[in-house]
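Structures incoming, each one as structure tokens.
You will see chain A twice below: alongside chain B first, and alongside chain C after that.
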Partner chain A sequence: MIGKIAHYFTFIMIHISLLFLVYPENIFESTSKGHWLPILIGCILEFLLLWLYLRVLVAFPKLDVIEIINVTASVWVSRVLLLPIVFHFFTCIILLIRSHVEIVTIVLCPNMPIWVLMLLIGISLFAALSDISAILRASCVVAFIFIPVIIFCFISSLQNIELPNMMPISPSNSFSFLQSPKFHSSFFAFGGYLVLGFIRPYIPLEVPQKWRYLQIFAIVIVPLFFISIYLPLLVFGQEPVSKYLFPMIEAMETIDLYWLVFERVTIFYVAVTLSFVIMYISLLIWVSSLILQKLYLPISRNKLAICVALVCYVGGNLIRSWDEIEWLLFNDTVIRFYSIIAFPCLLSLLTFIHRRRTTA
Partner chain B sequence: MRINDIFPKDIQNKMESFQANEDFRQEQRIIKGKRYLFCYFVTLVDIANTNEAIHLFSEGEEDWKELLKGQLNLSIDLSVSDIVDAIVGGRIVCFMEDGSVAFDPVGQKISRTISTPQNENAIQSPTQGFIEDYQTNLGVLRFQMKSPDLIIKSYQLGLSSKKKIALCHIEGAIDEQLLSDIVDCLSSSQSKNANNIQQLLKILGQDKFSIVPTTITTELPSEAETHLNQGKAVLFLEGFPYAIVVPALVTDIWSIKADYNIPYVFMAFVRILRVFGLTIGVVSPGLYVAFVSVNPEVLRIQLALSIAASREGVPYPALLEVLFLLIILELIVEAIVRLPKSIGPTITMVGGVILGQAIVQAKLVSNMLTIVLAATTIANFSLNGIQNMTFIRISKYGILLLSAIFGFLGLVIGMVILCIYMARIEIFGIPYFNLHPKKGGS
Partner chain C sequence: MKSRLLLVLLPLLLLSACWDSKDINKRALPIALGISKNENHNYKVGLRIPEPHNSSTNIRYVQAEAPTIGQAIERIRMKMADDIDLLHLKLILISEPLAKEGLRDIVEYAMQSNSIQPKAMVAIVRSDMSKFLSSMDEDGEEAGQGLSDFFSKQAGWTPHIATAKIWEVYRALYFYTEDIAIPILNKDEETMFQFVGSAILHEKKMVDSITPDETLLYNIFQGKYDDAHMEVMNHASVLVVDANVKMKATGIEQTPKVSSKLKVVVTIEEMKEGTMQSVIEEELSKLLKKRFDLLTKKLKTNHSDILGFGQRFRNQMSDAQLKAWRDDIYPKLETELRVEVVIRNEGSIKSEIGDVKAYKLEPLKGRK
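Coming up: the complex of A and B.
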């Protein structure tokens, strides 16, 4: 039944929309060999954080993150703690829509002005104006229709891979990539799980579901991270691939199937990822407007959602080039690390203190 | 003594207005020394057979009123509006010195007999269809179900013309909340007219501008049975030869309940075919426009060239070309629906053969487009239910327009918007995208 699986599909879709655009480029620029190590570090980190986050959520049935902080600390604490998260969501929306619009102008509609394509945020708004269950249902169906297309793209691009390109497989000894700003930027792709805490009252999330999420992460999403790096790497090799701005897109461009009536599979890949991005942004708009309504501005959530979309639309239009996107990605690092890494830890710390206090 | 003496004062005016009707009868009889006045419409009452029934009952009885009570659905102590409703509703009203009674006579045979459905063909399944008569429909359903859990409740709605509405459900299968919502809607709308489905949908509180059908209609009792067992409610509107199933779900687009009468693999096959039909029906005109006018580089070069060659000489953009032919196609569909079966083939020939051939030769549209649109139309009509077909017919235009602007991207965007739109729809709190009519969101 759709109601029970929609949120898992949404979870997968969130990660697909996050990881195929800027993530490969960031990883290729941060290290030149042993790519599996940075990927694995990121994945293990997200796995642990996801586990921590879900543990807190399961401990407070029917409460979302905002209410959990309200209960364990106070409203003011949640106002302070969640403000960076809202900023993180805003930059996420802007980065996602703007970077995908950039790709679309390159691959699909070269003559279309940016501001017209940025109007795609209106579709996300259309979804965000409805119930969260409607967004989840729509995401599930979109994922259901389009994930086969993505899988088809992956499988058909296997024809061009050459296994020796994987070499050198041993990582560099110095762990120098840990200091690379590009590696820090790559954590953009690991923040997808934060949304779960805010939609928690609307999805069934108990202990079995917690393990199911972790299983899905390990079995479905971790391989996707590896595919996003190793597919372009195996097709081109390290030397050319580090020169490309969009390694995944270039890998798709190499596909040439004689029995297929289509010459360019890239176009499907880009359009489909964009559809996932639209759904993820609608989720982000919904969540941001919910936080704003519950903590800062007690007016109708729909009005706030419209405001969020407008701000992001204007913000996206202010970005003029790909360099500015990377600049934003780089400057967002502090807030991103706070949201992705520090926030779940703070949250579990708060609940831990709360437990101690109530049991004592 | 004048006939009209027997009427109470307040009913006299009404009776005089009835007397203007050619088919209104007032008959005075003396039975066992008592005076009775029978009023009825001769077009609704078979009086010869009714007389026989009355005689049978009244023989040897002093007061046949008591005896009739159980036998002919006798109602006593009637108000003026009761009397009017009874006469219009085909009953006989009998005035006596001490009051008036109404009872069911033997009716005229007005409705047709149960036969095969007119608009819904079923292969290898029961072929009885619902008819116009309300009671018969309920009887057919009872006969089909043979279940003690089938509950039928009746409501009478309307001001000027009162129509009966039956609400059927299976106790235990239906979601309690859904049932009580429907009951609330029906019982709070006694004064609203329900002469057609639009009015009924308004009573049920459905969105007037929804392009997704929120109810489905079926002519087959076996379909209605499966819907009921699934936990949906079935409504019968008096004089309307269909069962109205609430709520409609997305699966109803491609699943017909008669599929269960064929082996599982065959069922899966035909259902997958219908899902293909759904996809082609929605997508293919948009795909054509996207690939011809915006993203021709996507196609393999040979194919792109052959399409370009077939469009050679067509003087306007692909969008107009598609809209032009699509509108003609829709008009053909619309024209054939209401034509007698003997004229229908003429339209098929003129529309299909002559127009199709000539329009290509005149270079008004390309060869390829006629193929694409023919495939679209065929795919469209492989779906279940005329309302679902119309929903798909309408939604393809939105996708077509988006594709003309954004190309293939527009097509994907259009599909996403359609998904969001459908996901937002809830019918009595049951999401349209649910696979089962149960409450509870995602």
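Coming up: the complex of A and C.
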């Protein structure tokens, strides 16, 4: 039972851990009105790419992305094509863990040293050392426990909303946000689906599951993207909200429930997103060690996983300030666009050529 | 074997307690923070710290002066044996002269430093800050929570009292189309303090104040009306049990106009002999209209849009108009109020014969 649905929860969890981080701030920075347009553009793009990606995966039963490229082209092609992806996963791990550590120091314990909090990556590593099915099951449990909590956070923050705040609803005519670097950074939140291609042999993924993924994306994840923008916007209004570094956390800080034993709902919110991030990072460590093992270094995967976690731990500790996190996020743009947009296109191109060659 | 060793070592990591834990009895948890300025233009920051002793609560008041608020708090820290934890701060009090000088620094400090929760209340104090903060009544009952209970809907709040949280004030400072009213407190002989009105802001400064009656209208327009309040008129006293407003905004290009419809539901508490319901309705709507006209006039001259008229125009305005709302468009705004009074019942005593006649003459009056 769990084996059949756990991966859907993993898919949702991946998106939650990505989209509440820097996405709201990026969108508020890139446009001042009609926020639904940039959100919709991003969502439609990811929907199309997800569809393209899953189409390729379904066409090759029981093969993961690495093997698909090996079959359609050669090992060297996959080595070249997947190198940026590995880099993308590394920066993802570093950005996710480091920025959440920063959030923890801002919200919970301001005096805690970064290097201690960075040890949280150890939990992810512990999960990554075990079997992939263990990670999937664990993320299912985490989702079951924490998704109600995050829904509670959303519902209770409705007490402060004012509907006129979302006006003006018509977008700016010039589409100027398309050129904004912050808008490009916001695509960080749309890269979650890539992992599916690597854990594919361990999850049931045929045509019905492909459509189920697309349905889940449209019904569950797209509304989450809208919540991440419109919840803070309805609470604060555009001009004040663009001044916040973490609009979502500020929106949580405004919740005042006298009957709740705990004074701050923010703590729950941070704990939930942090646990999702830890699960996603364990998945990323597992996937990166798998790619490294299959293509570059044929040694034990566990050793590689430890190396990946160590590199990310050290890399995260090298980041000294929030500015450097944003610098990394900004400079990662090219690799990110390659991984999220170009890679699925290249993949389907390869399979297209392959199919022509084999049928001809 | 390896995993057992790990299991043995794991508690070392998990059970070593928090990194920088400080015991609760080593923490001072101030309930209110008062900020004023001294003659040298330095901030004077005072903390009101309840200290529980056996059965009663004592109040400790500590203060320090420094060029910035953060520095002043740092100086208080240097004088105290306990660690100061501002996270449970409930109320930030600002002296009136300082509020007239500008609120930006204070609100920005409270939002920027993560040590204060954005949902702490803000109030302006008319009397001397140190006396205000160190005062307590004889039996010490209001020493602890009293300050924050005053603004709590679950305790002593009434619809006449404005409430402002830090994040709401911060929002109003930067928002184009809505302002906020901040409650003004004064020291009282019998209880700790008294609500005397609300401050209205323009350009991050307090510019004027409105009366508690006007604050009531503000609360109704903000949808914050709750509970019930009494209105006394010539012929009757009524208890307003519900009030809400519908607003319609038109004509942003030529003559901007907001027509508001206020619906009040009342029950009659007492009335003079032979008073007809229509008289009560007329008196009440006249009273509210007069109050509304005076309030909007005062607000427009001060460029303070606390009733949220600008919000209604938000969808009609261009970027430039949004920016110009408070200074150029709002003073020219025409406002109109229609009052609909619904008399729900007349208490436990039946109405007099005169009223029954009125019913017969105008059946279903007041319903459209």
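Keep in mind that, in the parts below, the second predicted complex is superposed on the first by the 360 of 360 C-alpha atoms of A that agree within 3 Å, B and C clash if a C-alpha of one lies under 4 Å from a C-alpha of the other, contacts with A are read in each partner's own complex, and residues count from 1 in each chain.
One rule holds in what follows: contacts are C-beta pairs under 8 Å (C-beta built on N, C-alpha and C of every residue); 3 or more make two chains touch, one makes a residue touch a chain.
Values in this document were obtained by computation on a predicted structure and should not be read as measured data.
With both structures placed on the common chain, the touch criterion links A:Pro168 to chain C but leaves chain B unconnected. By the touch criterion stated above, A:Ser32 is placed in contact with chain C alone, chain B being left untouched. Contact with both chain B and chain C is seen for A:Arg264 once the two complexes are overlaid on the shared chain.
Applying the stated contact rule after C-alpha superposition, one finds that A:Ala127 touches chain B and leaves chain C untouched. Looking at the shared chain after the overlay, A:Ile106 reaches chain C, while chain B stays out of its contact range. Within the superposed three-chain arrangement, the count of touched residues of chain A is higher for B, of the candidates chain B and chain C.
Residue contacts after overlaying the shared chain place A:Leu304 against neither chain B nor chain C.
In the superposition on chain A, A:Glu239 makes contact with chain C only, not with chain B. In the superposition on chain A, A:Ile281 contacts neither chain B nor chain C. When the two complexes are overlaid on their common chain A, residue A:Thr254 makes contact with chain C while staying clear of chain B. Shared contact residues of chain A, touching chain B in one structure and chain C in the other: 109, 112, 263-264.
Contact residues of chain B toward chain A in the complex are 294-295, 297-301, 303, 406-409, 411-413, 415-417, 419-420, 422-424, 426, 431, 433-436, 440-442.
Against chain C, in their complex, chain A makes its touches with residues 32-33, 106-107, 109-113, 116, 162, 164-165, 167-169, 236-237, 239-240, 243, 250, 253-256, 258, 263-264. If you check the complex, the residues on chain A that touch chain B are 1-3, 6-7, 104, 108-109, 112, 120, 123, 126-127, 130-131, 133-138, 140-142, 145-146, 202-203, 260-264, 267-268, 270-272, 274-275, 278-279, 282. Interface residues of chain C, counted against chain A in their complex, comprise 18-20, 88, 114-115, 117-119, 152, 154, 165, 167, 170-171, 173-178, 308, 311-312, 314-315, 317, 319, 322.
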